[in-house]
Amino acid sequence: MTEGSGGRIGVGMVGHAFMGAVHSHAWRTAHRFFDLPVTPELAVLGGRDLARTKAAAAKFGWTSVQTDWRELVNSPDVQIVDICTPGDTHCEIAIAALAAGKHVMCEKPLANTVEEAEAMTAAAEAAKERGVRSMVAFNYRRVPAVAYARKLIEAGRLGEIRHVRALYLQDWLSDENAPMTWRLRKETAGSGALGDLGAHIVDATQYLVGDLLSGVSAITNTFVTKRPDESGEQVDDVTVDDAAVFIGRFGNGALATYEATRFALGRKNGMSVEINGSLGSLKFEFESMNELWFFDGANGAEEAGFRRILVTEDTHPYVGAWWPPGHLLGYEHTFTHEVVDFVRAIHTGIDPAPSFADGLQVQRVLGAVESSAANGSAWTEIQA
Amino acid sequence: MTEGSGGRIGVGMVGHAFMGAVHSHAWRTAHRFFDLPVTPELAVLGGRDLARTKAAAAKFGWTSVQTDWRELVNSPDVQIVDICTPGDTHCEIAIAALAAGKHVMCEKPLANTVEEAEAMTAAAEAAKERGVRSMVAFNYRRVPAVAYARKLIEAGRLGEIRHVRALYLQDWLSDENAPMTWRLRKETAGSGALGDLGAHIVDATQYLVGDLLSGVSAITNTFVTKRPDESGEQVDDVTVDDAAVFIGRFGNGALATYEATRFALGRKNGMSVEINGSLGSLKFEFESMNELWFFDGANGAEEAGFRRILVTEDTHPYVGAWWPPGHLLGYEHTFTHEVVDFVRAIHTGIDPAPSFADGLQVQRVLGAVESSAANGSAWTEIQA
Amino acid sequence: MTEGSGGRIGVGMVGHAFMGAVHSHAWRTAHRFFDLPVTPELAVLGGRDLARTKAAAAKFGWTSVQTDWRELVNSPDVQIVDICTPGDTHCEIAIAALAAGKHVMCEKPLANTVEEAEAMTAAAEAAKERGVRSMVAFNYRRVPAVAYARKLIEAGRLGEIRHVRALYLQDWLSDENAPMTWRLRKETAGSGALGDLGAHIVDATQYLVGDLLSGVSAITNTFVTKRPDESGEQVDDVTVDDAAVFIGRFGNGALATYEATRFALGRKNGMSVEINGSLGSLKFEFESMNELWFFDGANGAEEAGFRRILVTEDTHPYVGAWWPPGHLLGYEHTFTHEVVDFVRAIHTGIDPAPSFADGLQVQRVLGAVESSAANGSAWTEIQA
Amino acid sequence: MTEGSGGRIGVGMVGHAFMGAVHSHAWRTAHRFFDLPVTPELAVLGGRDLARTKAAAAKFGWTSVQTDWRELVNSPDVQIVDICTPGDTHCEIAIAALAAGKHVMCEKPLANTVEEAEAMTAAAEAAKERGVRSMVAFNYRRVPAVAYARKLIEAGRLGEIRHVRALYLQDWLSDENAPMTWRLRKETAGSGALGDLGAHIVDATQYLVGDLLSGVSAITNTFVTKRPDESGEQVDDVTVDDAAVFIGRFGNGALATYEATRFALGRKNGMSVEINGSLGSLKFEFESMNELWFFDGANGAEEAGFRRILVTEDTHPYVGAWWPPGHLLGYEHTFTHEVVDFVRAIHTGIDPAPSFADGLQVQRVLGAVESSAANGSAWTEIQA
């Protein structure tokens, strides 16, 4: 039985910080706007600290709490396990959940290392045989403008893809006195801007292009190597990258450039992608996430120009469930769309995307970036 | 007793179309992100058709339904009445609810006529003496960028205000074959673009400037006077304006221009305001609702420029409850913020804004616009 | 003989301030980029002060100078008289020049009063019979993006025009201590922002729409009524408007809004026009003068969006004479284009546009605006 | 004698295609707007074909022509030699001109190879001892917005520079049937997008940052390897790169990304630079060349935002000579500014920038890019 009884499907979510808040919203909200075959039930919230987890559960609307994630994973009330913890814990939780027959949604990056990602993917492949579904939560795929961009590319509107340029620019570490967090420690986060931000743009560009990177050449850098720790009383080492820049080639020959940084002062959540093909071009910038810019070569040189499509028409992906044209969607909608697609996939028995295998491949790209950066920017091929 | 028992406050909402959907979301969501003194309970949903109301209640999360709004208003489960119906019904429902001691949130425009708005305001003033609160739902005040703009103006950053220019441009009637709706009939909607769109920009500009319009000169127009009715089998008369343009003066001497239309092809929800003062200027455009453009004269001519402030910092109004910088909010958040402010106002016993009196004043401006348009654009003063 | 001998045509220009500098550039430059049937010769520069006029002639490249404009007008070296003086002198100079059989280019606004403009137009009509040409220099028509917009509208791409909104926003008077100039005195300038800026947008919108305004309702205002005079030692009265806002109707029924001001802090030369039709919309903003934004309804709702056409292709009006795509043109190019069109019109014997009659009609619109503003914004019809 | 007699300085220009047209305009125009110590005289135009050179001279305003550039270089009428020919001829002409005691302005890239650039630089250094000046014409330094950006960075407003991202995107080769030109042949052009476009952004970023690149890792690509030749009858080999992408480090540790391509469909002259520092950020985009976007961290998180500075104030570099605020400059103004600075430098006896040594260093960067691309993107250091 892969769904809960009575038209409901129980969710157990591990972690209740930033990602926990937005995932909770998505689980609560999806069926209020979309027709779902089963209704998600916020059954169990997992966290290490009982009091804080209880407070979060009350705030976010979870029925019960668990401080032992293994209990959560094995709870009969739980059919879906949603992993919102730091990357170092993804592997163990996901494998246990899949083993327990639970569908798994896992935050990105899939894992902190390629090895963990491989183990998780193997487990997911095995589970799939038993009808158990899994998905890695690259939410930017579910921005309507991004999903619509994919449709245009898939329909051939860009022709042969020649250039991909992707940025993910933030600035919250620009201040040298910004304190340490788990995100700045290799043991918890795996990497810095690379895994946190770079993973998103690697996934988004591969998804959009419909092809994979074949190799990269990279530089990473840590601009500020010591920061006040959380207590503010000591200084601690930053053990991850602050920024990563890399160039690469897609299998089809397109050239690509990437930059992920937390030091681009003034850029708050500046995730952007531009793709140039032989017939058209597309630009997307998350800080204006309801817009897609389309240059359609078919318009002819005299009339052509980048066209600002407000992706808020009811025929655009996901949008029909929301508001009239011009009434904007926000960040959390992307997670709600993930829930919609995941629950539908579970019900219809198809595999949701991006799969753990997709997440593993992104991990391999990130690994190649780190390897290239460690080897004088040497060209580093990515295992298919 | 103005709140429900047990830390909960019951809401009864009349109407379950577009506005009903977004209000439901707000009632469900506000306490998940904001600390509220009492938790809204989606107690009763009112609608004329039982089956459709039941379906909406299930979808939106309401506990029970009522086809007779008088029953809803008088239900002991209801402490707040939320009016989401067409404008011709606002007056009767609101007055009955206030008489029953229920707090009232009423969609805009407050009423279809000045007379109705006056009666509602009188009822609200009387109810206030008994601790009963009321608010008209001009949601654009609760866009964080708009609320922040008001803070900057209130702090004197713009100096003396000299120019106000406001647009509310949509295009859904641009197609001559778009069918009739209640919004195109004077008996239900009162007016067309004027009341639907113009009301928003009149309220928003008066709120931002902190002053009232003293007079206007106007033109209104109906470009397409006959349209297919809802059945598609007959043609029906459009009895409201398709567009209204007007110029006016604020009490403080500022010049203002307004345009509200449903015929601006390509403009989906183009609500925009620009204000120029002696020390600075501000621009806001709803289709980029997370941005506020600020020209600060204090920067000096050489360095000054319109500055795109992404109003997503945790110190910006309402934003701290949501996501990190650069993670955008959307249309529905403005309604969630209304609920937050309304519930807090009820609890602390202060009067929420905009009041019914504010709504009445907007109605007087709309009335003056109609009167001027009917009298050869003659200058028409607005009663204070 | 309406041209000079030897393939050259002599120009006599009266005035050598801002407009004189840019017109000189145009006369010097036009034949360097465009194929002209005759080459303009900068023959005589007129100015009241001999020393300053000589200095200007040396700087701008004029062969000789004249302090008496009547001598200039009658000089055998002069076939074209270019009038770049304040508006109060246009009438007398233009009529004398036309009487002397000289082609006349006259800066805008054509005159300071409707009466003067009528006299000038009568003289131009009479001169036309004798093969003498005249043009009023509304240079914005010769921005390639504006000329291209006209082509799109002429081709029917916008369908039936429903809305016109035009702004001309500057801020150089925003500072209350900015000193007096001839532009702030009624006797020299005729009006303030209205004639200086409003004239441009009235002409540009009528040109673009291909139709005339039939009536207006207006407000004008002088925000700062006293300013330091040029000496800085006394205070003088500002006797013109600082700003004018007006609404109007085109003959074809389109609604229009206009605003001209020198008090829009942060707007440097913010001339902008948007036109909405039943099939498409166009937006132009002079501060990005190489761009035209086109919303083509034919793209269908899902794909449509305002398209930023960079009007720098060699098939765009005037552009083929200049640089490759994406290499921008600037302000002075519009004057060079005027010279090109004027010289070609003289040679081929067709009447250049805009004619003095066009300038007169703009003057009538400005007169109607002033009249409406003086009469409580009463609707004021414009004589055809 | 390094200047001509009588307050004039004779210019001999070799080449009269695109660059010749814009340089001619600059030589004709500079003294009309700027106060120059000596006035440039368009003395001799050099070209291989007599008839075409004569036609160009007449069109552009040159006094005489020469088909032998050696004669031009040695003409007593020529004090400045301006080299506007393809890159393969720069070295020989420049060295001969310097040897003849003529000041040299040379189009970019300085040469097609590092070796040639070294020889030219040695000649320039030697000539400098004799008071002979030379400059390489990286015109983008003289965009007012770029020059102003440099001033802000020089004043420390950006703090420590951490990120540089530069693009130069064009699309004129996107069409596979666009024909061959000398720009697509290695023997004439040296390289493709790299030398033509990449050279500009390498120079501009090093100029802005005030530091040099220390190493790069690169990919280059030729998307379309065969094209119709100029006759249209045969197919010819493209022997240069269509695109180059590279990452690098500045001496001060900043990370940099670069992309130069002629295949970015929709990007016409998309030269853009963004620089992020610890205190502020700047963005510039040539397609909006009158704007500079400045994020000033000193505004504080709540008020900060990228500020669109319209670089048209009279205190901005070069602007005071032109028009009032908001009246845009265009592409050719950058060349006029070069002439102004070059002539002034000759007169005052200071060395103009960028020098041939600067051009050589850019050539070394381009060489390192090519070398890295040929060696599996291996990190390649740049000789200081």
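Here are a few things to note about the model shown:
Here the chain labels run A, B, C and D in written order, and each chain numbers its own residues starting at 1.
Here, contacts are C-beta pairs under 8 Å (C-beta built on N, C-alpha and C of every residue); 3 or more make two chains touch, one makes a residue touch a chain.
What you are looking at is a predicted structure, and each value in this text was computed from that prediction instead of being measured.
The chain with its CA mean position farthest from that of chain C is A.
If you average the Cα atoms of chain A and of chain B, the two centres end up 36 Å apart. One finds 54 Å separating the Cα centroids of chain A and chain C.
Per-chain Cα centroids separate chain B from chain C by 42 Å. Residues of chain D in contact with at least two other chains: 267, 304-306, 310, 325. If the chains shown are joined wherever they touch, the resulting network links each chain directly to all the rest. Chain C makes touch with chain B in their complex at residues 162-163, 165, 167, 169, 171, 174, 176, 217-219, 221, 223, 243, 245-249, 253, 255-257, 259, 261, 263-267, 274, 276-281, 295, 297, 304-306, 376-379. Of all residues in chain D, only 18, 21-22, 24-25, 28-29, 32-33, 59-61, 170, 172, 267-270, 286-290, 310, 312, 323-333 touch chain C in the complex they form. Chain contact summary for the complex, chain D toward chain B: residues 292-294, 296, 299, 301-310, 313, 315-316, 325.
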